[in-house]
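The following blocks contain the structures, represented as structure tokens.
Below, subunit A partners subunit B and then partners subunit C, in two separate complexes.
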Partner chain A sequence: MDRRKFLQTSGLTIAAAGFGISPWAARAADAPIKVGVLAPLTGVVASGGKEMVEGVQFFFEKQGNKVAGRPIELVIEDDGSNPDTSIQKARKLVEQGKVDFLIGNLLANTGLAVANYVKGTGTPYFIPIIAADDLTQRDRIKNVIRVAGYSASQFAHPLGDWALKKGYKKIVTVGQDYTFGHEQCGGLAQVFTEGGGQIVQQFWHPLNTADFSPYLGQIANMQVDAVFAMETGADATRFITQYASFGLKGKIPLLGAMNATDQSVIRTLGEECEGIVSAAHFAEGSDNPATAAFVKEYTAKYSKTPSLYGFSMYSGVMWVSKAIETLKGKLDDRSAFIDTVLKTELDNSPLGKTVKLDEYGNPIYDVYIREVKKAPNGKFWNVPVETYPAVSQFWKYDPATYMKQPPYSRNFQGIKKT
Partner chain B sequence: MGMNAFQLLNGLTFAALLFIVASGFTLIFGLLRIVNLAHGALYLFGGYVGYTVAVKTGSFTLGAIAAMIAVALIGLALNQGLLRFVRGNDLRQVLLTLGVAFVLNDMALVIWGGDSFTVPIPDALKGGLTFFGIFYPKYRLFVLLVGVLVLIALYLLLFRTRLGALIRAGVDDAEMVEASGINIRRVFLATFVLGSALAGLGGMMGGAFLSLYPSADSEILVFSLAVVIIGGRGSLLGVAIGSLLVGLLNTVGQVMFPELAYFVIFGPMALLLAFRPLGLFGKAT
Partner chain C sequence: MSNITASPAIGAPRSLSTGAIITALAVITVAALLPLMLSTYHLGLATEVLIFGLLAMSIDILAGFAGRTSLGHGAIFGVSTYVVVYAVMTAGLSPLVACLLGVLAATALGAVFGLLAVRTSGVYFLLLTLALGMIVWGICLRWTQVTGGENGLRGAIRPALLSDYRAFYWMVLAVTAVLSLAIWRFVRSPFGLTLRGIRDSDSRMRSLGYDVSLHLFIGFTVSGLFAGAAGAMYALFNSFVSPSTVAVSQSVEALLMTIAGGVGTLFGAFVGSAAIIALENIASSYTERWQTVLGVTFILIMIFAPEGIVGTIRALVARLKH
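So, the complex of A and B:
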């Protein structure tokens, strides 16, 4: 800080102190908005957590760290990829830190833990990454809103439809054996079988399966038209690498959950990931000007193509900020805050399209069918090949009827009996 | 038939990798009486170093050598700089290695970030071979070959050299060896460095088909523990048999009882412990 700046700021401070008797309301308007960010900065998904924080910081930096005239104060806590730690940290942020709202978490179990906690406190909690279907369906909590996020089965539905259009008759699914896996496989299986397709078999494997060769060996002999892989993180890397090394790439088309071909997975991969098809609201290789500009800026700043994590948190805080602008920075009335967020439409996000929430607090998106292709820089990215407009978490079903069926699980995959 | 042979090969190649990692583990456990919980971290660190060198130089061999040297050096530092001071106190040793594992993992997270990496396979080993109507990746067969070579090399070392004789004697009774005028600390050191280097080699070999990512260390550590518990500590034959059992059970488990994949490995292990607490080839001391 140079001398002049020092004088300026200290002068301001003294001036501010002099006006210490000004009314409460005026001061509250200048007081910082405290944002509690929960992200897994240690543990198995630490790299995703780091990108979540980057996404938040990137957005607020571009805003000059101010929203509706009020400075933004970020309080970032590590949830340790662990539900217990998540609750502790959420409690600390809410009770000691007095944050205005919480945003973040990556793993479904950490998100569910925090959601359960804020159910009691009424703190607004935004979950751009947590995908557990029921948080915006059967077990909806009003102050938990999935801004810029998606529910697990939301994109699997159109992918199932696309597979039918492509003429696939038989599909085998390979999925991680937990809720996120069950929900995505279920979404695809329901739409695909209701349209006349057949799910030949479903493999469920524990998280962090070192070796996929036993499954790949069976798949090779199954005479299926396509394989659907619901993998995240290192499992996705291994599945894709091993799929190629066992010679299945190019022989049996590989469909993936969006997280299987997310940048966080494929940025370290080579041509073994080329050609995998997935469905998502965001495709970093899109030629939409808004998306391209965001990808360019983000890449310049963090020297990596943005993943789902960076993008979702960026758009998530953008969404909430827009609501704060509408409220002119007044967040004291929580239910007004929540209602405003629910009504806010996001029009200037990196998606380049207006997005709004359905009445359950989950966004409705134009969903891309994406294919992994080589990017100009020699790495790989997802490029849209087809668009399904205005896809909600309920696909083409009536929400009330849909929510009467049980949530997707190992035992219920929505598979139509023939 | 083709199917079974295929799954058999899967089990064997996984067993070969486990053997490379667990042989170092069992040597250290058997001789120094240290359950080196940093072994998994050494594996992962070796993999990362090997990955970096292999990408920079384009040579898999150089990567493997670098991985072994780097991890051997860490092993050296760990043994001389830390473990030396708590020798003889089992609990402290174990806790110390656990602490080192945390430190190494966090360092790896800082240096390489948390993305998963796959060690690039040399062109000659890309693709697969077709035999008996099955298509099998060459690289995995290569891992199997390296596993067998490591087994032979360790056999020769342990049963044909003076150092090997000292190590075997030390496993049976370290104090007796010391009493006969041998500097057992040097033997300890050599074993620790050798065991660490094997972890590094394992990281490089495994990094190419299981990929490298945070928490890969604890997964391989758990498998290694199972191998050593089944085989009995400090026994080369034990670790070979243990690796085969765990590798094959893992494959069979995944194919036949996918939902019980872990139980198929650890169930028999628990049973074995109940009836043979020292493992198949372990000796009481």
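So, the complex of A and C:
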């Protein structure tokens, strides 16, 4: 009932959340800015969805629910972890709720569905969680901007490079068999093989795999230097636990996609997750003062270390709010709004570093190579061990050339033929 | 034998009375005037009500008139949606040709389902169609090169002529009205009468010399055609398709619309579809537990109006007349 609580405490008129029609026909300068938040509050990824909403609420509450002098009115809709429902809810927020912009969605298919809808309406749509590469690459839509988000293969590229530097020669990948998995594994595989490494084998398994022993049994005898695991949610929890119980932990180094060691996963884990290396823009165990302060405040409020979901949505609305401040709260001109967001550089985010967007609406980050270590409170968190400065979604490739190669898929992993 | 869905609301076939014609014309006129009164969002919902109403009606052909409750119609519907989106976006065909191909694909799939399912009845029919639907869903999910896998297919596929939401609504209304009339005519034809005979007792029909399997097969195929037409319109409506469109939940939702409206009432499908879509969208504004609200509503309908909304109203009207 987080949402109800919020509605009560926010003290905002929430008539628009009902079925009625917004009473504000004309927008005065102090009329509220309507923010349409789409998050999966039911369905398979509901726990992540709740943290997304928390991130948004946390930011606006700290702002006194005002940006550029205009009150903020949140309209939160459940996308049900389902693309059809997502389109329906997006339609409702845009056509009936008349929101100034949309933000959110978690699963790639829900984000792609909403992106396809806003392509027609021109509504600004921000996607801090949706990682589908092509939304800011080959199939870019100008009003869809990945503020504070990342494209799936963006951090896998530097991780591949780090694996080379570490002296790994042979890697096996285990990944969830869907686009997000293909893109992350592809990012790592391309950089790693182009640098002389070898991808010995790639295992693809369906989402919600209960038993990883068929893969782990083979991996144990493959004589590889490292394993790359592209897992999310419950799959990640199970993979990490089973990796340890197979006795592979400590024997073969485990590299993970950033989702595999996200707080939403390792929060519930013990020592079995220690030592996993991943690459990401955010590391909750960083000693950067801005990050530390954010983690402390968030933990105090929600009694848990912030995950990717909470952090990304928090930074995402912060980014958009900064653009609104620049525009002095005038959002009527949508193309000006979109251009301003694209030009906005975020300097006061929990990352503690200035971040800007590339020409395609995807952020350029200093990417950390992170290792899971024990936090002072006895739980585990990700601590940066190395930094790759200014990593864009195109890594070191020329954007035009890069986009000429096919998108990463099960059949195309960018593996260099030897 | 298979009378689990036999509805007492259906009497002998009636000829088209003047009252019925006037009612139908009045309903269509009101529906045609809706775009002048509703906002774009509400009109979008109304469009969806029509599309899903047609799908629920196609299920009612089997559930209400042949005594066979299908849980595979979501898959038939969704395959048409897939074919339309694929044909326009990847094969570059015109939307009209794509829609025809979609309906054709759905009809063919209906025929395949029919071939496999006609031997069964009752709960076995339910389970078999459920399993067939799951296979389709599995294919759509895993055949990534063609179906786009989890992410699905998307793109602007609506022709420019129908890009206006009002024009699109009127198109859907016209198609739905014509097809509903066709369904109505179909179930009242001698063929439809035979289906009803099969519903009431297939062993008796068999001993009277009717080819029960053939009738059910044709019934299933025709039902697939209408589900496919709904699916093609859904493709134009959403310009997007993903495995959730062919998932079991889609079949279940459509069946629930049929049941909520009243099995065997035919036009109850639209009432059921309107009730469920309205509930989904209103309840979700107030609580994230809207699915619970939906569930409770169904339980209440099952207890207090097992014949569905339209079925119950008909029964009440009949009681008042006497």
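The rule is simple: the second predicted complex is superposed on the first by the 391 of 418 C-alpha atoms of A that agree within 3 Å, B and C clash if a C-alpha of one lies under 4 Å from a C-alpha of the other, contacts with A are read in each partner's own complex, and residues count from 1 in each chain.
Criterion: contacts are C-beta pairs under 8 Å (C-beta built on N, C-alpha and C of every residue); 3 or more make two chains touch, one makes a residue touch a chain.
A quick note: this is a predicted structure, and the numbers were derived from the prediction, not measured.
Model built by superposing both complexes on subunit A: subunit B and subunit C fit together without a clash. By the touch criterion stated above, A:Ile87 is placed in contact with subunit C alone, subunit B being left untouched. When both complexes are overlaid on chain A, the residue A:Ser245 reaches subunit B alone and has no touch with subunit C. Contact with subunit B, but none with subunit C, is seen for A:His205 once the two complexes are overlaid on the shared chain. In the overlay built on the shared chain, the residue A:Ala400 is in contact with neither subunit B nor subunit C.
Once the two complexes are laid over each other on the shared chain, residue contacts for A:Ala300 go to neither subunit B nor subunit C.
Once chain A of one complex is fitted onto chain A of the other, the partner contacts of A:Ala220 are limited to subunit B, with no touch recorded for subunit C.
With both structures placed on the common chain, the touch criterion links A:Asn411 to subunit C but leaves subunit B unconnected. The least CA distance from subunit B to subunit C in the superposed model is 7 Å.
Note: residues 42, 177 of subunit A belong to the subunit B contact set and to the subunit C contact set alike, using the contact criterion stated above.
Residue ranges on subunit B touching subunit A, taken from their complex, read 2-3, 6-7, 10, 13-14, 106, 109, 113-118, 120-121, 126-128, 135-137, 139-140, 209-211, 213-216, 219-220, 223, 250-251, 254-255, 258-259, 261-262.
Across the complex, subunit A meets subunit C through its residues 3, 17-19, 21, 41-42, 77-78, 82-84, 87-89, 91-92, 94-96, 108-109, 112-113, 116-117, 119-120, 132, 177-179, 207, 409-411. Contacts from subunit A toward subunit B in the complex involve residues 42-48, 50, 177, 203-206, 208-211, 213-215, 217-218, 220-221, 233-234, 237-238, 241-242, 245-247, 264-265, 267-270. On subunit C, the positions that touch subunit A within their shared complex are 39-42, 44, 48, 142, 144-145, 149-152, 154-156, 238-240, 242, 244-245, 281-282, 284-286, 288, 290-291.
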